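The following pair of complexes shares a single chain, subunit A, combined with subunit B in the former and subunit C in the latter.
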Partner chain A sequence: MKKAALYVTLALGLSALSVSYAADPAFPKAEAGKKVTLEVWSWVPGLDKTVASFTKAYPDINIKILNLGGGPATYTKLQTALKAGSGAPDVAQIEYGFLPSFADTGGLADLSKYGAGDYKKYFVPWTWGQVSPEGKAVYAIPQDTGPFAMVYRSDVLTKYGVTVPKTWAQYASAASAVNQKSAGKVKLGNFYATFAPWFMALAWADGGQFFKRDGDGWVQTLNNASAKKVLNYWNDMIKKGDVSTIGAFSADYWNATGAGTVASNFEAAWGPGGYAGSMKDKSAGLWRAAALPQWTAGSAIKSGNWGGSSNVVTTQSKNPKEATLFALWLNLSGTAITENWNNGGLFPASSAGLGLPALNDTSKNPSKFFGGQNISAVYAQASKGVNVNFQWAPWFPFANDNYNKQIDLMIKGKLTPDQALDAWQAETLANAKKEGYTVR
Partner chain B sequence: MTANTAVPVTAQAASPRPKSRRAGRATPWFFLAPFLAAFVAFFIAPVGYAVYLSLFIKKRVGVGPAREVFGGLSNYVRAFQDSDFLQSLAHILLFGVVQIPLMLLLATAMALILDAAKGSASKFFRTAFYLPYTVPSVIAGLLWGYLYSKNLSPFNQISGLKTDFLSSQLILFSIGNIVTWTWTGYNMITLYAALQNVPTDIYEAARIDGASNWQLARYVKLPLLRPTLTLTTIFSIIGTMQIFSEPFVLRPLGYVPDNITPNTYLYLTVARDSNFGYGAALAVLLAVFTLLLSGFFLRFAAEEGNT
Partner chain C sequence: MLRRESFSPIQWLLLAVFTVYCLLPLWWVITTMFKDNGQLFSTFGLWFSAPSHLLENVRTLFTRQDGIFSRWLLNSVIYAGATALGSVMVSAMAGYAFSKFDFAAKRGLFTLILATIMVPSTALALPIYLLMQKTGLLNTYWAVILPGLVNPFGLYLMRLFWDAGFPKELMEAARIDGASEQTIFWSLGLPLVRGGLVTVGLFAFVGAWNNFFLPLVVVNSDTLYPLTLGLSVWNQTSASSGQEPIYTVIVLGALISVLPLLIAFLTLGRYWQGGLASGAVKG
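After this line comes the complex of A and B, so read on.
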């Protein structure tokens, strides 16, 4: 009897599982009997395993993956191939912030021609604004996202008698308390001085807009009110020594977080995987995640986004229909989202994907590293609080580097935060105009 | 005059049949062909293409993709008005003026010491000094990147200081240190090899005249090293103008200015801002500057040699 009951539960469980798989949207049909090979440039770890499932479902489409390394490494080669007019892949991975600069080369196919517009409803709303800024042409299919949340060392906070800050005012006073009680040895936070998107995500959460399409041109407001508010806030803490300024992803940084001398930070949804992978045993189980502190107490959780990427189809592709199909499948099918989460820690842009069992499995990393807390739930909530209308400009890559220059001057005390942002705005604007953009 | 007229006469006498003379003229070209084909395909053509590219500018209307239109010399005009580019040249000039003499002084001293001290220790040091050159510059950059990291650097741990070697004030010196570490051994080997080619009877003659080790080095070896020193200096000038991988590898570790060297600046113009025309113009200018600098130095070295 008991056994039978067990079988029933098992069967129910299995069918529930297959239901979630069957919930995949209907993908465009592949042309029967047409054998094609698609070349895909992506730096998602373990993508070959995901692709094996795709080829099983679509035996006529052969996928060739090339991992050229993350971000800049792939971009350089892609820019060159698009310029050369040959050698570009069918599908490529590009981060949201860099999409407009590639659309600007004219090398990206408009996927609305291949029916991509019908799939808008399956994605977390703000991600569609990233791939289709004007709401007409669709330049890419959203892949993963990086909504912002706070990660912190629960043991260090307890040691210094600090409760998890819910507002930025609480965060600042907690930072000063930790700094004083530890005689300057432990910092509550850390300012990533060379990652503009990290800072922009914090301003984004406050409603900051840096670029906006305006008729036949652009409006750039790198020195917007939210940006000034956020940078002044951080500069105050930097000057007081309440937060450190260690470079992101550096050996120094992992050493400090592992040792507990940096006790919290603001990380995108793909961040915790990096924490688990980089610190391994050090401080494992001691981390927790919480919603981003807010500017006003008790307000609905608002967040920003750092990174996350999309899949584009190039105009050089001879099989753009099949390429679009692959990009849709890769980012909407339950199988692919599960694989990409397990192998690469990709936090899905698909709305249904956020509820998949694999994401909420707390017995595995990154949740395991976070003491078994379901951190996906924290990030899913953050994702809902991301401003939908945020836009980027084609010259963002320049702005991205110029930010480092201004912040360097600010940290040295040569510029105030307002001056740094004004200089960032002025120098980037001048360069964009030199490059021929209509911008004010 | 007489020699000039004499040549064709003897040539005609040596080859009476015009047909074979034509074949004789073709022969060198035949043997040169493989080299010339490669030279044209891999050197002349890319340079020509770069010059061609540098004449185009990006034209945009509204928010659509850019069109490339012929812009004449406007990219070159822009370069001379581009304070970031001019600053990158100033950076590299400062770098060269400090680093090249220092490196060559070290290399010369090491070569002279190795040449004076024979034996197995000399062999060991010869290899040891040369070893850094065999490390690819990207790997060297990564290794030094760790050694420069503010909180983990062994230099900081030993000295007890908190020097940020990657800060924008020190970065040029930090790069200079990597370059010196890499290339001193290479230059030393070149100089050492030149010393090995000096006939030993010159040294014997000097010894018989009562020259000390120091006098031998100062008045015999150094003057003999002169042509090799000129060569290594020219190579160092060219190499300095081309510095790229060290600053580029250090970039993710901290704030390294875009225009720390002309090459990083023009790389970013192309790879980041996808302005191939402007990047090509900068590359052409950089080649011309390198040529001018090398030319000036050769002239200077020749004049010094005459006095």
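After this line comes the complex of A and C, so read on.
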């Protein structure tokens, strides 16, 4: 009896193993007997442990990791090494929005030369659009993503008799109902006034496009129709006092969400981990996630993205084939995706990765904080609905800063939403031209 | 005669406001190092909160990553100490040469050196990087120390101190007495420009201690990081999702990292003040 149970367990375990192996695509073959060392610059937490599994499978490839924590300093160091023509790593982690400025230095290898194009089918479609904007050269292998969904306090919504909004029209009327019934004490939503990518993700979900390659130049449309629609929608709610404008990631924000005075928001897939980590016991188990509200009732779920990153191979790499192999393995093998999720909460760009058991484990955070709901499933659905045609430009950092200025003026009532976006477009365009870009 | 200044109440108030304004951030640092990450966000920023987590923070600070913080502290002392000593010597000797000797193209050379003060350090990052790369010094202590030894502003200051503090007549008298040029520089001259040495040394020490950009670009191994770089990396990794935030530990580390500067100013400041004043009167 006991033995039988053991066999059953073993069999189950083996089949689980074979399933996870079957999910891995066949990676390019490493040259037998060729010993190489790859230097990798990445800020993925716990990457050293993940890499141990890689070197077990590929004993001839040694990996050296440098973790500078990401952010501007890491990029400065990488830019310097790329421009100097030496000292750059074989593989580096770069966020999607910054890829164009690095591609512009000519320091990124075209991975299609090393067979990366064959792996396009294993990634969620929009992520490939980020690393291969023109569909020809492949500048990077997608790593993690931040598709958008709605998070909300189920208890607060129930208290004010509001059902989970499926359209933006429903969301607006729910926001005004909550505001009135609570005498202004509770807001359904919150507008992150200092995060351009948050706003852009909402416009992205509506098909908005802000930058586009055009031959050797660029087209910039920060004031596109979707952007105007989304910003006007939010400005109306801000003016009526139906939503608050508390700064993201601030103590005030966590206090408000923890106390239930802000009852919902729109967050990227990496957001819920922050909710669980920052609010800890407060409001634990009361949160839920749902698909982003849509502009048209009954339409397929469309979403946008905020954040996420990719792995590039530099032209300075002496072993670009092995470097490409590593980048593919790191982002397509079940082992690596599971470790990256467990150690750093990286929401994968791999289609098969979205279904891995670790992501869908509802007994652990962030799902646990969300009352045991499988929120990865919500975000997986969101990722599949992210518009593929969305591009960034090398001067995005300037646009990112300038946005805050225009939105501040809008909230103070000095600019209408249309004027704010027009000013954002004009000032960013002028600066891009000054920096020497051919852009219209 | 020094006249005792008396301040009007309004001046007192203004001074008090500015003092508070300057000290508030430091006060925040002090209260924060007693907290854990939860208290950092949930309690009032400018006051202590119970229970104290200071000991725990100290332990984390010195044990995280196998106690690498101590290594960073040592590295900073090595970088700043070597840079300060080296650049004082280079500046003192070069300033002496410009002050006491005549040679071809002296004016032109001095103007050229002064002009380099205007070159921003970021513009030099790439050339320095390339130099270190070609000489194979990338990712060594030398890559951080060598560029700091050349200090045009220090040279300029030392020339002023040599001009004012060590008259040519004294040099000539020493020569007549049979003193060698070495003795004149080392035994007779240097003690007279002590204030200048301390001033240039302090500037170089503070500059090297706070330097972030140069080590960021030229150093790769975390065992070679100075405090500035190490703490910044901790701050970044701590902010990324899925990591346990250690902000209060980093704040404690930042406070410890400014202590050597405070000590340097308190012990050497006396010379510095004297030096600046003597330069001002005589110059």
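One rule holds for everything that comes next: the second predicted complex is superposed on the first by the 427 of 440 C-alpha atoms of A that agree within 3 Å, B and C clash if a C-alpha of one lies under 4 Å from a C-alpha of the other, contacts with A are read in each partner's own complex, and residues count from 1 in each chain.
As a convention for this text, a residue touches a chain if its C-beta (ideal position, glycine included) is under 8 Å from a C-beta of that chain, and two chains touch if they have at least 3 such contacts.
Predicted model only: the values in this text are computed from it and were never measured.
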item: Fit or clash - subunit C, subunit B, common subunit A; value: clash
item: Which of subunit B and subunit C A:193 touches, first, second, both or neither; value: first
item: Which of subunit B and subunit C A:103 touches, first, second, both or neither; value: first
item: Which of subunit B and subunit C A:83 touches, first, second, both or neither; value: both
item: Subunit B versus subunit C as contact partner of A:372, first or second or both or neither; value: neither
item: Touched partner set for A:246, first subunit B, second subunit C, both or neither; value: first
item: First (subunit B), second (subunit C), both or neither touched by A:344; value: second
item: Which of subunit B and subunit C A:408 touches, first, second, both or neither; value: first
item: Larger contact residue set on subunit A - subunit B or subunit C; value: B
item: Which superposed partner A:270 touches (first subunit B, second subunit C, both, neither); value: second
item: First, second, both or neither for A:70, with subunit B first and subunit C second; value: second
item: Shared subunit A surface residues [contacts with subunit B and with subunit C]; value: 76, 80, 83, 251, 255
item: Subunit A-facing residues of subunit C, complex; value: 38, 41-42, 125-126, 129-130, 133, 138, 212-213, 216-217, 220, 232-237, 239-243, 245
item: Subunit A residues touching subunit C - in the complex, by the definition given at the top; value: 43, 45, 66-71, 73-74, 76-77, 80-81, 83-84, 86-87, 251, 254-255, 270, 273-274, 277-278, 280, 343-346
item: Sites on subunit A touched by subunit B in the complex; value: 72, 75-76, 79-80, 83, 101, 103-106, 193-194, 213, 216-218, 246-247, 249-252, 255-256, 395, 397-398, 401-402, 404-405, 407-408, 431, 434-438
item: List of subunit B residues in touch with subunit A within their complex; value: 57-66, 78, 146, 149-152, 168, 252-255, 257-258, 268, 270-276
